[in-house]
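Chain nomenclature is as follows: A, B and C, assigned in order of appearance, with residue numbering initiated at 1 for each chain independently.
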């Protein structure tokens, strides 16, 4: 026998101990929140009632011009936010990456700014922008830009910092300036993953755009929220179907192009 | 005792991959199966532990306690019972990563304990001690607490053997157990497998005639789904050429000139 | 090809996409009602508004603690229960453990869930179960199942098929294969993903709270709604501390797992 060996009975006691403590914590939190996790399995009546009210979906609502406009607004907000957000994130990433920005002071400053954008909750963003530019798709778009920059700024920085240093060294060695190195050594390496991430950003942004719409960002999210509020559940169900189809379509297209750009194995 | 008779398997495209394979393996025998790639060795092995159902023929396993079963005829539930009696050592070790060496050995008895116990309590201290004894037999007991991901190929194969020992099977199958190992590790593994054949029949597939000549008690050669040789493990050069084809011989003859051209 | 080469190929490759992109930006900006003049005016207004918000109303701070705790509790319980459920779904969605029919049905359900933002699930649940913590937790748990179910399912599918076969070769049944062969291999990834999801759930619990799932998000929304901006700022600060705290905790634990060499 050796001292490394842990007998199964000791292991069992350990396991039971940990399990007991975790179970206690979970049950305590459940009691604190007055939450019964089994309710959803035990009591189907609310869902049954809801389904009864939702079916059949009223698809005629989708032909109303307001819905068409709402879809256009959501799509536009997501597209513009992706475009400007990725552009800003791209520029800021060069200012934070250690191999493109020599000044430590600026690196820290811009890096801190990116971190701040990342931790600001989307809800706070949209509330502030609604006060700044009023209700509507524009404020939703501005909030989305902030979220996009926060999410992808750090990612782009990592991508830039992970480029091959040998290529940059080779170009430095022929006497090129820092900007020339960026143009000829770093840009070619990061462009594919940048474009792929932009597509991914659009995919994410369309979902966030729908969510933010509920808080006054306009678009299809707001239309759904309104239908729910006035208890037009059949209209709401049609809108939900529309949203699912929209998101799935965009996800598949985005996946397709990303696979085309990056090759299958690199898809995140 | 293992009794294989008249195994036949035809692929959907009409190719006969197993064509009337019959042999008997008794206690005390260490049988090495040789043959070129695609001859049907692995298929035979898969038939022996029920992973593959042959079109016709039977594989009857009998042990000292009077247990007897035809592996080719039984249903899935009974198959699990038979599999408890068959220890298998694979080419790719097939250990559970992230679990400790000891746990990997104890997994050998999963089929013998009730599902309820295995999910809620696991193994007993007594079983753990037995597992350590099995590890001592393969000289791996000093590593029983470590995870398997850091082990070398030879060490992993030794754990796999300990798992088979701990399983206390009525038959041990080894599917190319030394193909991924360097020569000295391969010898160690063969030396570990050999004594197991004193109590139970052992059947292994190998690609190394020199190893089977040294450690096996009997050799069976399979070619094109048929048994072409069954007997003494020490094969002559002509017999090897018959098994592996003319190429084997030619390669040896032309070895020098080919190198000279390069 | 030189810089001065204006061949049709170059024209199609460069000029057309640029023009198309500019036109698309113009069009979408018009649909959104966006404009730089509006942005300039709005930014000034926004900055002056942020100035109004200061200083935070510290007297409201004690009132914020309870909702903050509630938000954390919601995120915690949703992560725990959602992860447990996700493991079940992941196993059902892994091609090497289940038959193709169950796998495809599970993958379809997971895909359906993933295509709906959590907040819409919450709206549906609120219509069924009413406002409150219950709907919030269920919505977050479902989100957890969608995300972790897919990722874990893919991780399980990467497990060597022959390893599972070798467990079957000693006579283990399906449950034993899962418990002894699959679970030990996915636990590190599972913990790491669950922690990552906990970060997301903390953020989401704030948004969902504003719609009516309780917690600090509700405080924030009502403070802004009632124009109590100093109080709103206090809520914002509490939220920032929560988000950063959850992130640091999750990083800390994940680094510990990584140091043990458990993560791929």
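Note that in this section a residue touches a chain if its C-beta (ideal position, glycine included) is under 8 Å from a C-beta of that chain, and two chains touch if they have at least 3 such contacts.
What you see is a predicted model, and the numbers here were worked out from it, not measured in a lab.
Engineer: So how do the chains connect up here, line, ring, star, complete, or something else (other)?
Structural biologist: complete
Engineer: Of the chain pairs A-B and B-C, which one is connected by the greater count of C-beta contacts?
Structural biologist: Between A-B and B-C, the larger count of C-beta pairs in contact belongs to B-C.
Engineer: What's the chain with its C-alpha centre farthest out from subunit C?
Structural biologist: Result for the farthest chain: B.
Engineer: Counting in whole Å, what is the centre-to-centre distance of subunit A and subunit C, each centre being its mean C-alpha position?
Structural biologist: 7
Engineer: Could you tell me the distance, in whole angstrom, between the mean C-alpha positions of subunit A and subunit B?
Structural biologist: Subunit A and subunit B have C-alpha centres separated by 51 Å.
Engineer: So, what's the distance in Å between the C-alpha centres of subunit C and subunit B?
Structural biologist: Whole-Å distance between the two chain centres: 48.
Engineer: In the complex formed with subunit B, which residues of subunit C make contact?
Structural biologist: Where subunit C meets subunit B, its residues are 160, 162-163, 165-173, 175-176, 179-181, 184-185, 187-188, 261-262.
Engineer: Along subunit C, where are the residues that touch subunit A in the complex?
Structural biologist: Subunit C reaches subunit A through residues 24-25, 27-29, 31-34, 38-39, 41-43, 45-46, 49-50, 70, 73-74, 76-77, 80-81, 111-112, 115-120, 123-124, 126-129, 133-134, 137-138, 203, 206-207, 210-211, 217, 220-221, 224, 232, 236, 239-240, 243-244, 247.
Engineer: Write out the stretch or stretches of subunit B touching subunit C in their complex.
Structural biologist: Touching subunit C from subunit B are residues 49, 51, 80-84, 86-88, 90, 92, 94-99, 103, 107-112, 115, 118-119, 149, 163, 167.
Engineer: Show me the residue ranges of subunit A that touch subunit C in the complex, using the header's touch definition.
Structural biologist: By the definition above, subunit A touches subunit C via 26, 29-30, 32-37, 39-40, 46-47, 49-50, 69, 72-73, 75-77, 79-80, 83, 119-124, 127-129, 131-134, 136-138, 141-142, 207-208, 210-211, 214-215, 221, 224-225, 228, 233, 236, 240, 243-244, 247-248, 251.
Engineer: Under the definition above, what is the set of subunit B residues touching subunit A in their complex?
Structural biologist: Listed in rising order, the residues of subunit B that touch subunit A are 102, 106, 121-125, 127-129, 132, 141-146.
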